[in-house]
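Next, two complexes with subunit A in common: one pairs it with subunit B, the other with subunit C.
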Partner chain A sequence: MDVEDKMLALQTIPTVALASMAGPGIIIGAYLGKIAGRSFSLAIPAGIILLLPLFLWCLSLSKNYSGKSLFNSFEKGIGSIFMYFFIFTYIVINLILSVSYLLIFSETVKTFFLENTPIWAIILVSMIVSLFIAADGFHIMLRAVSLLTYSAVISFMVIHAFGLPEFKMENITPIFDSTWIQFLKGTLFSAGLSCEGVIFYIAVSPMLPKTKKAAVYVVIGIVGWAIYFFIGNLISVGVVGFEIYVSDPHGALSVARNIHPFAFISGLEIFTLYPFVVAAIVKTSFYLYSSASIISERFGRKIYQPVIIILALLVFAACAYLEDFNNGFIISTFLAQYVLLPFCMITLFSMWLSDRFNMRSAEK
Partner chain B sequence: MKKYTINAKKLRNRRSKHRSEDKIQASIKNGHVYTDVEMNLKFISDSLCKFTGLVTGEFETNEARKKVGIAYLSSMSDKDFINKGILEPLLSLQAADDSYNEERLISRIKKNCIRTANIKESDNFQILINEIIGGNTVVFIEYSTTALCVNTRKLEKRSIESPQNETNLLSSKDAFSEDIETNCSLLIRRLNTKKLNFHEISIGKLSRTSVKLVWVSEVANEDLVEEVKRRLEQIDTDIAHGIGQISEFIEDRPLSLYPKYLQTERPDFTAMFLSEGRVGILCDGSPFAMIAPTTFWDFFKTMDDYNDTPISVSFSRIVRYLAFFISVIISPLYLCFVTYNHIIVPPELALNFSKGRENVPFPTIVELLFMTFMLNIIKEAGLRMPGTFGYFAGTLSAIIIGQAAVTAGYVSASLIIIIAISAITSFSISNATLVNTSRIFNYTLVACSSIFGIFGLFCGIIFIVGYICRISSFGVPYIYPLLPYDASGAKNTIIRAPFSILRKRPKLFSLTNRTKIGTKGITHKGGKNGR
Partner chain C sequence: MKRFILVLLLTCISLLTGCWDYIEYNNLSQVYALAIDYDPITHLVSLSEQHFEGGADGSGSGSSSKDSGTKELPPKGLVHSATDYTISDTLDRIQQSVSNKLFFGYLKVIIIGEDAAKHITRDIIEFLSRTPAIKPTTYLIITEGKAKESIRTYDSESLVPAGKILALLFDTVKYTGSSFKVSINDFKLLLLREGHEPVIPRLITTVTKEKKEQENPDEKIFVDQQAGHHKLLGMGVFKKDKFVGWLNPEETEGLALIKNEEIRNFQSIGENNSANNNAIFMLTDNSSKIKPELKNEKLVMNVSIEAKAVLKKYFTEKAQLITPEITEMLESELSESLKAKVLAAIKKAQKEFDSDIFGFGFEFFRKYPSIWNNEYQQKWNKIFQDLEVQVDVKAKVINTGTNIESLDSGD
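Up next is the complex of A and B:
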């Protein structure tokens, strides 16, 4: 790893950690309100913080696999059949996540900004830009993602700042008005939504520096996202009220449309649209990159670009076939509730087990 | 048939002419200087017969009774020096014991006779002819098979003038000129150290243009210097027009939309970059220096940034970045408002827009593209026309397009305002190359917005960001030192931190010698404790 690589990796870790978790949750996050009740804005950061050990576990496992993906641990440990099983599942999950997110996102854009444009056209454009960002590999993608994440965060800050004058305290209280079970369910759902970050880190953590500083940066990124997502949701609820916010499937965009500070300013939803577009493109790049990099690692680095194009075409075909917000919403909530967290835990546990086997066989 | 015979005759004549020229070329290649001065001069005259201004002369020294011959190009040589510094002392050459030992005689002439230290010896006609073409004077001595090449080059040149394109308020007022030696002296004046290195390369099989690579040793990355040298030496072209052409030959991706090298006419700016560990390239006949590697942020820097207070400079830089952003984005944003997303404009403003567009017969995209294109034409016309005509063209177009077109109802007034803002903001960018780039991106975003509205605009912006992240200049990422982050350099990108904080050189420019400013003499807290 040369000077440039070290510098790049360290400084981009927080933004990448943040961006990797900003999945469909930023659009359908309000659905959490239906699960967790009024305490949902607290369940959001709680769920994200819950993932910290998984991220750190990922980093600690990657110490022995510098430059290679964590799936290599299976090969010498519990066997290559398991490895291919996990790789296959991993790629399928990534592609499904990609499809669900693009469906949710494109329908949102259509509803608010491009009423007469077909969904497939919006998906196609997003896909092309995502491919452009992911096509040249890890470093260039991370550079672009860092810049875009900063700009998206600033854009979100603008809308939140404008939202503050219309913020009403009575809209968010009573914040603890839900049962423990509801709160727990909400926390787990939030963890499931943000678990996409762990999925991305399974593919890229071996490429990050193996220092304590890197781990600290990961923690900064995760905690930063937890605080930011919490404040964002809190302000949104404070502006429109809990009931209206939770009943709207497009969350923050509807809130932004209702903000009219100083009477003559309107159209602030473009400040929300920008982070949505950035998140959709960045996340699609991540899904495609994770899948393509693991396939090309197995079958040769040269096939990375053809593979990523084929995967993009597959995702586009699936999106064009489903073409509905509801499908995306159902897939996304299903994955967040029942699949992502268990998959990450099982995969990381199997990797750890495999590592143990490796170490014992090496000792013998 | 007759016609054919005539043609064949002509052809034969041409062939024989070519053959004789080839003979001369061959003899030049293999030819050695004769002992007879007359033959040498004849050979030179035959070889350079097509050159106007070739002067040859044969003389006899007063006491030594030796024949000497000189040859030079009057248009490129200093005639006064030739008369006083070469001919006069040669003619009064004293007879001595060494008069029959040519080697010793030549040595005596070099040491005691010709009044310059810049003398070379050669026995090869190829070299001698090249020296004459280069403006030097060749001296033949009777019975000697070695000739002397005396540096008498003197070209008509511009005096040092103030910069035309990079005017600054608080910085020096001198600019590079077309003469490479003068440009070197301007750099030496600012970097008066033995560490300043010049590596000269001749580029162009026909033009043999002198190109100099400049760097500060122990500061610049030696690998980078070697790489630039290698790339320069690989250039295979007939003619080197100027620094822009050379830059294109050596850059990574010539088809890149962003400029990947910085052209500057300011010696102080060049010296500043050299002191950071970058390399410069000077080209004879070009009043610009090329700086490499270059990053995106360098195009927004001016020399005034280093002669003003940090807060004032930071403010100016932010204004420049915003201007660049506005110049690229304002017209596509207007297109989004008018065509797709009316709701995102305050109702009063939307009404104004639609009122202005009431009688316009064209769709907004046609109107916008037409006006943007017209503006580019006016800009080009203003640039290419001589002084007063340029101003005249500008004023005339402003009246016709600004008033008449709106009154006639061809375009809306709001569009004129948007186009004018876009143009004016693009002019506040300090680098001319980047202005053109901003125009290209403007067109791209207009196209994106016309198809997908605000969503298309955002996708276009993300595409451009992705594009910038892919570019590198001589291996250095284009958005360095912000990404990859380098604290020492990052504080001199969007803002300019006080010098007490900018103590280190960016890592990727200078790997070894990184300290630029010491703590001595800095009394305030930032200096002693600052990183």
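Up next is the complex of A and C:
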């Protein structure tokens, strides 16, 4: 784990920010339409932008903990009991998120591409690849993630580019036909979905360079994702129609199935297979890394690899037991609606409070 | 870690040796077309499917590599039919008698019988949209009487099966203007959307050689085929999920003009339906705009259509140069001719079907969402029947063809 001592390259930061936030949003973003109504396309970027202060707060808190996780702030501040409570909750949330991702993406791949393949086989393969990516530490993981993320985004761009000729304005307007409460709920749900990025940043922000430039790159990543997700959603809704988009839980995939650019190509769903597999692998490796790195920080760096293997086995066992798209969908929407955003805010606030205690006691 | 990776790789090599989804192409039956019928008395659903065995694509070779390449398969495909209470049960019954797995990835068209369209459209759409193997871009067709009769009719000239010929017909509908494409997704969207009712292209099948009907057709799963022809002519109109009636080809053209569907057909003015019509045009471009307007709390729907055409035939008593005045006169006559078709479609939809197939309600919602939500949505059916629609058609003749002079009529 010596690699952890080195800071992350600036150019990788936007990709990491994007990859950490993109996830089931590409599938359950459609659920947002039910909450926010026709204004959901606007609620998506609004929710993502809403998270900017949390990301920057993470970065500012990490200034005093270079190379160490932010949970260290609790130890000298409000006490180690709180620290273990937050670490435990953090790890549980990470593992549940991994389970929900693997269930959603694996079941989608099974339904549309590998009908006869048992779900455990798809989950096992995704899990093994995630493990390989995360097992060798921070830098190797993020290099792999950057490459995978770029290629997945390009794959999505193909769908959106071919979707443009089938885009109909009447499918998206009137975009403001929602009440303010609906829009607010949608924005909060979108923020909750993307809050997975903050969860990851709580673990990795101490590894980011402590410069203004690094903060700018984080902002570029977040704003870039907000813009891309907004445009992508607009095109998707313009192709299939709002009413169908919000009734289909497979978002991007259902859009791709409706695009047939040539007589001999009926549907571009193959272009969603790769991003879906990438999303499952990237997110799982992120959550395995976050959990394992925090446990190994407490109990010794040497146990990082055994811990990550045990966590992977736990996640695999939970997925094999649940093996259900609906379970993954319900877990994911529940976390986005009620858990992630409050947890991140409470955790960051407690860390900030601890920091204040530390500073005061140091002054005395 | 290296040891762990080694163990993991060895486990993977032993566990993941093959693909569960591997299937030989020759072991698939590619379903090209489905036909759905319904008997309102017995409540039984009848489903017919047309497929090709893997390797025989219906292009006319007629041979398959199946069974060591010795078995001759009919190039017109195979048709099977079964009857039961649900669509899925009928599919199960068909699969029982087809040796290969039915594969729906190549499904091109779904033909719905008139009774099925009246009674079980929602069930059909629900089944189709919940089956991942069926593409949402698959075309829907409605036919008078039994859909099974259409699916078992192959082209008598070229032995092309119904499924394939119908898919090909959709490539040319814009050149006739008498119909337009509607996919599963298009239909489902309008079922879910308020203020816009769906339509489906109408199929007319004519049988060349009459064959005696089997004694008990529902009991026999393999279906004999008959020679004949297919035409897409007109549209079937729905109100929500219930079929309510037909639009003839002229009314369909009017609907297509309002709905901005591409039309590239011939238009004639003068004495219609005779060789003496004095001018014929070909449409090269068409576009429309629907603008709802509230005037003193009274709703007026303004429909403006622009069409471009080229002159294909023009007779006058004496040969003369086609001047701007003549072009203007021709444009005005073409505009009137197109307007008549549009008005005919509107009249039929308002007075006969009471079905907003033009999406006037949806356009109103787009412009005045809050008024629609609070007031108009509930009473739209009543409003639509007496809705004032102002139609403005502007046709432009952009080219007089290869001749700038008219031919004399020869009289």
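The criterion applied here is as follows: the second predicted complex is superposed on the first by the 353 of 364 C-alpha atoms of A that agree within 3 Å, B and C clash if a C-alpha of one lies under 4 Å from a C-alpha of the other, contacts with A are read in each partner's own complex, and residues count from 1 in each chain.
Throughout what follows, contacts are C-beta pairs under 8 Å (C-beta built on N, C-alpha and C of every residue); 3 or more make two chains touch, one makes a residue touch a chain.
As the structure is a computational prediction, the values presented were derived from the model and not from experiment.
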| item | value |
| --- | --- |
| First (subunit B), second (subunit C), both or neither touched by A:274 | first |
| Partner chain(s) touched by A:133 [first = subunit B, second = subunit C, both, neither] | first |
| First (subunit B), second (subunit C), both or neither touched by A:125 | both |
| Touching partner for A:109 - first (subunit B), second (subunit C), both, neither | first |
| Touching partner for A:264 - first (subunit B), second (subunit C), both, neither | first |
| Which superposed partner A:117 touches (first subunit B, second subunit C, both, neither) | both |
| Touching partner for A:143 - first (subunit B), second (subunit C), both, neither | first |
| Intersection of subunit A interface sets (partners subunit B, subunit C) | 113-114, 117, 121, 125, 132, 136, 266-267 |
| List of subunit B residues in touch with subunit A within their complex | 340-341, 343-348, 452-456, 458-459, 462-463, 465-470, 477, 479, 483-486, 507-508, 511 |
| Residues of subunit C touching subunit A in the complex | 1, 4-5, 8, 12, 15-16, 19-21, 132-133, 135-137, 171, 185, 188-189, 192-193, 359, 362-363, 365-366, 369, 373 |
| Touching residues (chain side subunit A, partner subunit C) in the complex | 111-118, 121, 124-125, 128, 131-132, 135-136, 170, 173-174, 176-177, 240-241, 243-244, 247, 254, 257-258, 260, 263, 266-267, 305, 309 |
| Subunit A residues within the subunit B interface of the complex | 3-4, 7-8, 10-12, 109, 113-114, 117, 121-122, 125-126, 129, 132-133, 136, 140, 143-144, 146-148, 151, 264-267, 269-270, 273-274, 277-278, 281 |
